[in-house]
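Structures follow.
Look for chain A in each of the two complexes below; its partner is chain B in the first and chain C in the second.
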Partner chain A sequence: MTAVTAHPARRGRMFGGALPYILLSPLVVFIGALSFVPTVDTTVEAFFRVSPLNPPTQFTGLGNFRALFASPAVTTAWVNTAVYVVIGVVLSVVLGTVIALALRQRFRFRGIVLALVILPWALPAVVEAVVWSWIYDPTFGVMNSALHSAHLIGGYHVWLGLDRWLTIGLIEVVQVWQITPLSAIVILAALQSVPLDLYEAARVDGAGPVQAFWRISLPMIRPALAVCTVEALILSLNIFDQVYILNGIAPLGSSVMLQTYLTTFQNLNFGGGYALSLLMTVATAVLSMAALALLYRQPGAE
Partner chain B sequence: MAVAVRGSRTSLRVNRVASGPVGRALAGRPIRMLGRVVVMVIILLWSLFPIYWALNVSFSTLSGADSSPAHYFPSPLVSTSYRSVLGIGGAGNGVSGQLGRSLLNSIIESGGAMIVTVVIAIFAAYAFARLQFRFKRVIFGSVLATMLLPAYATLIPLYRIMASLSLVNTYLAVILVYVSGFLPLSIWILYNYFNTIPRELEEAAFVDGATPVGALLRIMIPVAMPGIAAAAIIAFLLGWAQFLFPLILTTDLSTQPVTVIVAALDQQRVVPFTLLMACGAIAAAVPGVLALVLNRYIIQGVTAGSIK
Partner chain C sequence: MKYPSIVSKRAAAIALSAGLVLLGAACGSSGSGGGTAAGSGSSNSITVAVAYPSPPAALLDQFTKQTGIKVTWVNIGWDNLQTKIAAAAAANTYFADASDVDWSKVGEYQKTGWFYPLNQYFSESGLTSDMPQLKTFESNGQLIGVPFDSSFLVTTVNQKDFAKAGITTMPTTLAGFTAALKKVGKANGMASPLDIQFATAEGLSTCWYQMTAAFGGQVLTAQDTPAFTSPSSPGYQALSWMINAYKSGLVPAANVNTTDYQGFTTEMAKNRVAAAMCDYSGSVASIYDVPASSSVVNDVEYIPTPGATGAGENVANPDGIGIPKTARNVAGAVKFIQWFTQTENQALWAGLKGSGDVVSTFPMPARLTSFDLMVKADDVEQAAPLSAILKAHAQAPFPNGAPPWYVQFSAAVQTNIHQAAAGQETVAQAVSAIAAQVSSLKAAG
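On to the complex of A and B.
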């Protein structure tokens, strides 16, 4: 009996506290070599002239950044990405909340509806963008056909590639369509964790459903809204697949990620790509932290 | 008098029923039901119409899909596009070969990344959830912080690392990059799941002489299977959907996943769009079926820890 109980203690000492580090070593190697080292590399190389076809690599200080800000295509991509982010975050969080509210109460077939609502999130964005490109298509597209049948447009339109803001808006619709299910699920889970007696108390106090939403639901789901906002923020700052398919490489609807890809892998100006990447990494960190600081407040902890 | 009493009693009863929850639900039922059905139809139309449209076109003939106004149901309904892109019936075109090989590549890359991610994540999440050691908070925090790291931070360096190791255009490069990207989320899902398992289960095993590794393998992993399934499915779906990283890490059909091939077929503008939609439907079928069948694991995974 004593031998048996002594066992785990002895084994524990035998591992000498090394066990956690053994279990963590694959993780540390992966994240270290393929996340931390690259991030440091991006930070450093942004200040160097890196061009694989035209060595050597030289320190240029802010040279890469100056060249970026002098490029009209890059400036367009910055402004476009800002618009993508604003539309993407606002629409996906608002629509996600609406869908979550609609699915909050149990009803027959809710499980099936939920499974179907998730579908756009689960499918590859680039394949979805290809499908949408044929929905928007000027000759074969169902959008023209449907709007024309409804007498909302007189003739068939070319939707993409002519007007900058229309192109950006329609591309962002495709991304919002994909990422909204994620927001809806997270917000729905938060809504369902709100104690029902809070609503009962509000009803007794004479609050209607709208007031109950603003005074009870909204404060209680703030952490979930923060999570969704940051998620949508990162996804729309990184928007690439939909732009690549629906806009192509034209500057009109270009995003910073598309510009980074073109600068680095088409023009082989790695230094310029690094500089864009560093600016966007910093922007992502600052905006995510700001969103979390503004929104992430535990209910009751004012 | 008796009538009046009976009358008032009846109205009282009706009032009581009508003001109770059941009564209200009954009174408002047709309108509320109608409202709910309308809302559900709008939500489902928004979620499913583009998917339906792709299927509609893929089962149409080219002239049927080219009609104006558009047909909302294939007329005639044919499977020629699928036969063609799957290479059934000898109608050989380049598409079927590319699609088949790229599907195999996608399965190897997302499947491989899923397995490696989940195995590493189980060990790491167990250490974070159950063991005490120095720098635990720092390591855990840094790993989770990489979830906020955008693709920008690692895109170019990862390409250069793989190029310097001569790994560009190999399955290994793609899998390594996916694993490094998916690990933080998998660990977060499993960490939260492990924390819901009572410690008494393992303590009973320790009394019986089990080591921490034995407890992990024989107690925690079997009990945590739903959480492990959630982490695995989400890693697989994320892998299947990747486009930008394989676009730079793979250069030919020996490793290009189906996302890269579908985009390339779209860019060529030679493949008829009925065939293209069939390719898209096949590329989306694997994650689509997984999501429909295993959606409760996905929901459980993406909401892990978000509501605490």
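On to the complex of A and C.
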């Protein structure tokens, strides 16, 4: 006991109390170089005209933001992204909860099912989008083939690129397919940490499975649901790969991240790109904090 | 008692080392001195970053033996490469000594100054007669790149499918071609026998330029103003013809979502269509005549592009190679470009001495003298008709080269034509929207 308490004091003397700072320095440098500096740089340059096609760099105040709000393509992208977020968050959290409830039960091959559930999360988004582009392919895609075989459609359909909401819905299916596994695993972990005596006591008091879910499981897994919601929110707000691969740069299903890429690297309007990135960062932070404030309460806090 | 202090020293040393390494990495990544490509940076090595596979290692070794310069070849997808060029140039960071200069980027690179003008290294007057597409790489008197292929848009047909419909002489007008395609479709049980890309991709933009050329015009004037707003203009007529071809079912409905060239050529390779407009020179040898990926081997041929009143022009969209301003070994890059674009090597990449030297997906050489070698050897599929088209019909998409704002212009073109095909706009609305974008881009400078 004496030795344990003596070590910090000895170390503190040796480095003059600087040891914690020395140990933290790699992380500080890492975060500073790769996150803080670019964030500050982006924030500052969002108020400048930065375009290699139109030099020199000049202060424009809110000029970049005004141009973005006046752009129909950017407006469409914001609306589309809002739809991606609503579908993505609701479906991934609901489906994640359903899958977690199913996986909490003991059944044969549960381990294999668990591995299969995780698989979409483990694959890169680009790979998944390419796979789904084959599924949606109007000529030889599985979707047309399956629906036609089941007599649900009369002829083969072009699924993407013709109807805005159908295109957005089908793109979001791909993303939900990818992000739901993480939600399921997080919620499963939370469900498994709920003491079994609570369910036993509820059962003795006459509560059925539905009541037990609403009265015990749901309140107990709220922190996990908050984490899943924020995770789905961030991924949906930042949707890019699936949109770009399945729908190209068509405004029909365009997202804000895609518009940021096009503004910056296609149009070489770096100032506009910085401004759009800044708006996206603010939107992500505000929505994430709102979701956490709404959902994140430790069990028994209310 | 000593154990904890040893741990502390080690921990401190590791922490300090890691901090210094990270700090070094962070500092090294900014400025032109921070390299990213392995094997580059010394006077006897260069990095070449293009959207093409490497020539065979034995040939690259020959170059190293001749010059003492070792080549690191980086093959990056075209879109990704454009982003890397822009990002590296904007950050003033080295990424390659020689890189892709697409015909569509010439105006942009000249205005931004991201590439060295090559006039002092390559004699334009000496090269133009051998490289008909060299002018495409000149902007404001500066030669930004040297063409290393002679890609141009062509019309391909499956002659077997046409023969089945009793058509053995190919129509030279668009009206005749449209009527013939309807017959071919019926005879071969194809609902939609014509392949044209309608997805929002560069291929859709270039196809409109090609169809405008077929109607006898160009989409921009020499002053870079719209030449397509009048309904009687070639550009307007071309767009009407394209949208009508899609809406009447001549073109597969699925093409509105075929975003890549591979998907486009698969239709022809699998005999789901009988003709393709805005196909690429070189597609017969590199795709349709490759048994592993095609069921139409020896059936597809290039034909003179049908036009409004007779055979039309073919729009050239060659790839070029240039030297970024952040290159470390400019002299080495110049030597490499000279070697890569010399007459015999160009013919080798296209198969002059068999498949062993071929650069996969390479369309056709940039030099007429390379074509001459191939025609003389009579060993490269359809070299003679392509050579004839290159000499007489290959035309630059714009009279004044690609404008600096080409990429935004192209985005507006492909987006609006796509929307017109998808029924979200009329042809007139698409034309107005594209014209408005040109005005706005010109006004922005």
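Going forward, the second predicted complex is superposed on the first by the 290 of 302 C-alpha atoms of A that agree within 3 Å, B and C clash if a C-alpha of one lies under 4 Å from a C-alpha of the other, contacts with A are read in each partner's own complex, and residues count from 1 in each chain.
By our rule, contacts are C-beta pairs under 8 Å (C-beta built on N, C-alpha and C of every residue); 3 or more make two chains touch, one makes a residue touch a chain.
Since the structure is predicted, the reported quantities are computational estimates derived from the model, not experimental observations.
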item	value
Chain C versus chain B on the shared chain A, clash or fit after superposition	clash
Contacts of A:Ile249 with chain B and chain C, given as first, second, both or neither	second
Chain A residues touched by each partner, larger count belonging to chain B or chain C	B
Partner chain(s) touched by A:Val126 [first = chain B, second = chain C, both, neither]	first
Touched partner set for A:Pro26, first chain B, second chain C, both or neither	both
Which of chain B and chain C A:Gln266 touches, first, second, both or neither	second
Identified clashing stretch of chain C versus chain B [221-229, 257-265 or 275-283]	257-265
On chain A, the residue positions that both chain B and chain C contact, one per complex	7, 11, 15, 19, 23, 26, 30, 33-34, 137, 139, 245, 265, 270
Interface residues, chain C side, partner chain A - complex	1, 4-5, 8, 11-12, 15-16, 18-19, 22-23, 25-26, 82-83, 86-87, 89-90, 108, 111-112, 114, 199-201, 252-254, 256-257, 259, 267, 272, 404-405, 407-408, 411, 414-415, 418-419, 422-424, 444-445
Contact set on chain A toward chain B in their complex	4-5, 7-8, 11-12, 15, 17, 19-21, 23-24, 26-28, 30-31, 33-39, 41-42, 45, 99, 102-103, 107, 113-128, 130-135, 137, 139-140, 142, 145-146, 148-149, 177, 181-182, 185-186, 189-190, 193, 223-224, 227, 230, 234, 237-238, 240-241, 244-245, 257, 260-261, 264-265, 270, 273-274, 276-278, 280-281, 284-285, 288
Touching residues on chain A, where the partner in the complex is chain C	3, 7, 10-11, 14-15, 19, 22-23, 25-26, 29-30, 33-34, 52-54, 137-139, 156, 158-162, 245, 247-252, 262, 265-268, 270
In the complex, chain B residues that touch chain A	36, 39-40, 43-44, 46-48, 50-51, 53-54, 57, 65-66, 68-70, 120-121, 123-124, 126-127, 131-133, 136, 139, 142-143, 146, 148-161, 176-177, 179-180, 183-184, 187, 206-213, 237, 240-244, 247-248, 258-259, 262-263, 266, 273, 276-277, 280, 283-284, 287-288, 290-292, 295, 298-299, 302-303, 306-307
